[in-house]
Structure formats: C-alpha cells, structure tokens
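Each of the two complexes below includes chain A, the first together with chain B, the second together with chain C.
For the complex of A and B:
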C-alpha cells in the first residue's frame, strides 16, 4: 500500500522530468529536467530494494553524466542560455515508427502478462551478494573491462595532448 | 513492504530526522561564531564580542552574533538580477542544502531515541558509504546552477571553477575511502565504526594515516574551504557563484556549506577516527554521540586553523595537486593496504611489524618522490629595473 503510493509519486516525477527534458528549448533546463528523471528512477530502484543500483544510478547518471553534459554545454557558445535559435526536427516519422516498434515488441508482451503470475524467484540484490558475484564468477569480465577503460583513458589523454606546437625559441627568426 | 499504517511511519521518520536537523543547525550557528573568533585571534583581532543578551551590556563573548546575523539575513531584501533565470536562481540554494542535510542520516550517530525506530534502522543501508558519495556529488550541480542562473560572468566563472575542482578532488576522496571499505569488508557505516572499537582506529596505521590525510585534503576541496576556495576567490571573481545572492538565499548557501563540512567530517570520523568510539562507553552508552560530535568539532577546528594559516592555491597548482600528487598516492596506498590486509590475516606479530615498516617506507618514499617530480622549475625572480 505505502509502497504503491511511493511508486506512483516517483513514477510521476520520472515521467514529468522526462517530458520536460524533451520539450524544453533551453539546454540547461533540459539537462536539469533529465537529472530529475534520473533521480525518480533511482527512487524506483530503491523501492525495489536494489539499493546498490539506486546509489550507482545517482553516482553515475546524476553525478557523472549530468556533470559531463554541463561541461559540454559550458564549452559551447550557448552557455548563457537560449539564444533564440531553434532546432528543427526532421524525420520525426521515423522516430514514431521506432517508438511504436518498441511499444509493440518490448512493452506490450509485458503489459499483457499483468498481473504477473508470480515473482520468479527469491532474489537478493544486496551489495554483499553483488560483490561476491563480481569477484567470483565474473572476475575475468571485470578485469577485461578495467583494462579496456584504462586503454580508453590513455587514448583520451593522448588524443587530448594533440599535435605538439613548436616552441617559440625553436621557430626561425 | 511493511504493514504499519502510513502515519506511524511518518512519525517515526520525524522523530529520527528532526533532532538531527536541529542539532546540526545549532552547531552551525556555534561554528560560525567559533570560526570568526578563531580567525580573529589568528589575525590578532578580537572578533565579534558585542552581541550578547539584548538590552543589557552583557557580551557573553559575542555568542549572540549568529542570532543577530540570522535576523539580519531574514530581513534583507532579496535581489534577483534582471537577466537571471528566476526559477533556477531560487532552486540553487535549496539544492545546495538538501544533499548536505540528506547525507547526515548516513552517519552512524547512535541517539538513544532512534534505537526503537524500524524504518530508520532500515535506512542505515548496507551501501551507506557509496550513497554518501553519490549524494554529496549533487552539490556540484547546485553550485553550477547558481553560477549559471545569476547571468553574471563572475558567477559563471566561479561555478565553472567549482565544477572542475569538485570533479577532480572527488577521485582521491573516494579512493582513500576505498581502503577502509576494503579493510572492513563492508560499505555499512555502522559496521565500519564498529570494526574500530577499542582504539583500533584506522588512522593509527601507516596506510590509514595516509588515506586520512588524503581524505581530509580532498574534503577541504570538496567543501570549497580555504586553501581551496578558488570558486569564491574574492580578489579575482568577487564572490564566485553566489555573487548575486543576498538575504536568505545567501544564508541557505552558507548553511549548506557548513552542513556539508559537518557531513564530510562526520564521514572522516566514521571511516578513520573510530566513529563514536572513546573512553567511558561501558558506563554511559550515549557518550558515543558526544564523542562523535567532539571528533567532528576537532576536524572543523583544524579546517578553521588551516583557513587562517594557508594562502589560496592557484588554479594550475590546484589541478596539478589533485591529478599528479593525490591520485597516484591514493592508488599506491590501495595497493599497500591490500598487502597489509593479507599480512594481517596471518596474525603474526613479526610479520605485522615488518609490514608496518615496509608500508611506512613505501608511502613516505612515494610521497617525497612525487613531491620531487612535481617541483616546478621556477627560478628566483630576477629584477631588471628594481633593486
């Protein structure tokens, strides 16, 4: 009962945030609305007792992705806000096709099964269990991912250094 | 989930949270007074000493100053610049305060009256430490929001500086906390505090001490405290991101900043200084709250002392220090702590002593080596025309 009330409130927040994020012309307003959506989603995870995923949702999506988006906007000329230029959307009909396809293929089967017959299994999404799973069966995957990320990091640093400019004293007079 | 009626749960939540807010708001008022007094003494002044009991000449060392400041803030006109984004200008100080308040409930403060509260116990989640870092990260957004919404170039510069600084220093902050999580094997704040009972604090080991120092420095930068107060450097960008704030909105920023200081000091106490551990707990169990708050205050006093002593860093020094000194050192420290954990499992005194000596040598060597590597090759200034 109480969980249901919380579910409706959080879902409303998430849906409203997503709508505003899509509809707003102002970039920064859009980003913050997107962050509201992420926050609502993390609340829903918390409601499902998946506290680690909720925390990671806040840490990665609001903390990292949000700040990354703001950084990207900060580096553009539109940091001061809306300057009246409009982004016109072409090809929205294709978007509609994709949206309908997602609804029919992914969501409709799930909706038709409601109310779901039974909860599949007793699951334990606790932090401890997750850590053990990561360290025991999936440790190789984890290591490979870490290696990949390190390589990406080094690549990013190399790319960011760019072409070395000749020093002033090396230039011919 | 639970079958309790909604109203009971709400009352339980109020019993748990309202005292927390009241205690820390009172401590905030006291800390502002303490900071002004201490800074004044460091600068050979007296500091606030007039405001005491109204209508009398009793000064009470100026203890009435916070109340007077609060009343002044409330009655000040709230000015919003014409070009500002009114909604975000209003939301930013609130967003600055909420995460700081929210993380207070992850601190393992064992109040006598929260023992019986079930929902609150449930809220002391298994992942308290990771939640703490996730929610304190939101502060960055509030600072950027304030800088952007003011539509003032100094505000925006301050906001940008704050974002860059907080993002950089979050990494050593989290990496130094990882050591404690590794040693205890839990992300639960209460369990981490429990693992250190009986003076077995993490700060009393080479790796723990190094981690504590890194954590404390990074915490200073995270809360925009001096010497890392570049986002509000008054000689360069007026007051940074809150240049355009006045009245109660400014007071909210101020409150948020201090609550964040309490929260991050509280986490430092939990992780490294044994939480509520201290003498006399067998006789009076509620003393643990007092010890906890006393340790927080010791760290706050340290912050005030540093503010009175150290000059502000330059931007390149700030970034270089985070990425070239703190980050490598904290990663090396994790490695050292990993070896130390394995050595501790053997429970052999000789091996423990050897581990301590080796890790001390490694950490000291790494710190001084990094210091040598980062030394900038600035020669003494040559004066051409002066002298």
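For the complex of A and C:
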C-alpha cells in the first residue's frame, strides 16, 4: 500500500519534471526541472530495490550532468531565452503527432500484451555483489567502458577547444 | 504495483523525451530530451530485472550501470559539440544551421 502511494507520487514527479524540462522557455529553469525528473527516477529505482543504481543516478545525473548542462547553457545561449523567437521548430505539430503515435500505436499495445509476472523473490543486491559481478563476468565490458570514457574525455576536450585555423603566412606556397 | 505500471510510466517518459527532441529548436533542449529517453530505458531495465525469474544474476543493474556511463560520455561529447557549433554559428538554434541545405 505504501509502495503504491510512493509509486504514484514519484511517477507524477518524474512525468511533470520531464514535461516542464521539455516545454520551458528559460533554459536554466528547464535544467532544474530536469534535475527534479532525475530525482523522481532515482526514487523509483529505490522503490524497485536497486539502491546502488539510485545512488549512481543521483551522483552522475544530478551531480555531473546537471552541472555540465548549466555550464554549457552559460557558455552559449542567453540564459533567459529570447522572447522574440519561436521556441518550437518548424513542423513541430508533426513531432507531437509522431510522439503520441509512437506511444499509442507502438508502446501501449506491446506493453499490454505482455504477461504481468509477479515479483519472483525479494532480493536486495549489495554493492559487494555488484562489484563481484563487475569483476567476474563483466570485466571485458568494464575495460571497454573505461576506454570509451577516456576517448570521450579526449574527444570532448578537443571538440570544445576548437580547431585553430592556420594563418595565411603559415601556409606553404 | 505490477510490471505494467512501470513499463507504461517508462513509455510515457520516453514519449515526452521524443516530443522534446522533435519539437524544440534549441540544441541543448534536444540534448536533454535525449537524456530523458535514456533514463526511461534505464527504468525499463530495472523494472524487467525486478520482475524477472532469476534476479540474483543482476543483469538489469549491470546493464543500467553501463548505460549510465555511456550516457555520461554522450552528454559530455554532445555538449562539447554544441559549444563548438555555437562558436561557429553564434547560435544553438537548430533551424539556423542550414549550411548544407540547397536554397
């Protein structure tokens, strides 16, 4: 019963946060709504007994991604958004139609056709177990992921730094 | 709570993200719409794991961990690209980046 109430509250927080984040003109407000969405989702993870994932969600998304988005906004656009300009793209109504159609035509029937299994057993994975799994069957994935993160780090720095164009006099004849 | 509740919630969140990615013209908003979609997918992983036959294998949380790491790499590179594009075009409006379009 308590879990049910928590589920409805958390899903309302998540959906409202996502909607506000997507619709807000002021980008900073949008990012804060996005952080509310991440927090709601982390609560849902807790409800599903994935405690470590909930902690990671808070650390990575609310901590890192939120700050990164804020910095990117401050480095680029006027923060409050330009009132004179349209917020939505050309043909935005088609985007809306496609999004609703994906939900009603594709996702909802597929979900309703699934059998609804019961929770098999109450299992509460400890961080120790997750760490052991990470070392035993998933070690290759972990290494590849480390490589990916390094590559992304170098790529992000290179892309944000910009390419320095050679000056005219530096060019060979 | 049944599995269906979580799956429908994740589908709703995914479609909100899809709507944002399709209808907004600011590149940063499109980027965080993509983040919303990725998070909806993570919720699906965890829900399926919770209601699976043998959750002690921990496939769901492991996959979610890797997905979160990849999403973090994606957002870092994406924002770096947005900054690079802003330096070139002096805007992050997706509709004014039409250099390749035939007039």
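Just a few scattered comments:
The working rule: the second predicted complex is superposed on the first by the 115 of 173 C-alpha atoms of A that agree within 3 Å, B and C clash if a C-alpha of one lies under 4 Å from a C-alpha of the other, contacts with A are read in each partner's own complex, and residues count from 1 in each chain.
Please note the rule applied: a residue touches a chain if its C-beta (ideal position, glycine included) is under 8 Å from a C-beta of that chain, and two chains touch if they have at least 3 such contacts.
Small disclaimer: the values here were computed from a predicted structure and weren't measured.
When the two complexes are overlaid on their common chain A, residue A:127 makes contact with chain B while staying clear of chain C. Applying the stated contact rule after C-alpha superposition, one finds that A:67 touches chain B and leaves chain C untouched. Within the superposed three-chain model, A:28 lies in touch with chain B and out of touch with chain C [touch as defined at top]. When the shared chain is aligned, chain B comes close enough to touch A:58, but chain C does not. Chain A has more of its residues touched by C than by the other of chain B and chain C.
Residue contacts after overlaying the shared chain place A:3 against chain B and chain C alike. Contacts of A:36 after superposition: neither chain B nor chain C is touched.
When the two structures are aligned on the shared chain, A:13 is found in touch with neither chain B nor chain C. Touched by chain B in one complex and by chain C in the other are residues 3, 52, 56, 71, 81 of chain A. Contact residues of chain A toward chain C in the complex are 3-4, 7, 11, 14-15, 18-19, 21-23, 27, 30-31, 34, 37-38, 41, 44-45, 47-50, 52-53, 56-57, 60-61, 64-65, 68-69, 71-73, 75-77, 81, 85-90, 92, 94-96, 98-100, 102-103, 107-108, 111-112, 114, 116-121, 123, 125, 129-130, 133-134, 138, 141, 145, 148-149, 152-153, 155-160, 162. If you check the complex, the residues on chain B that touch chain A are 1-2, 6, 9, 85, 88, 125-127, 130-131, 133-135, 137-138, 140-141, 144-145, 148, 151, 156, 160, 163, 167, 186-187. Contact residues of chain A toward chain B in the complex are 1-3, 5, 28-29, 32, 35, 51-52, 55-56, 58-59, 62-63, 66-67, 70-71, 74, 79-81, 126-128. Chain C makes touch with chain A in their complex at residues 1-9, 11-26, 28-29, 31-33, 35-36, 39, 42-43, 46-47, 49-56, 58, 60-62, 64-66, 68-77, 79-84, 86-87, 91-95.
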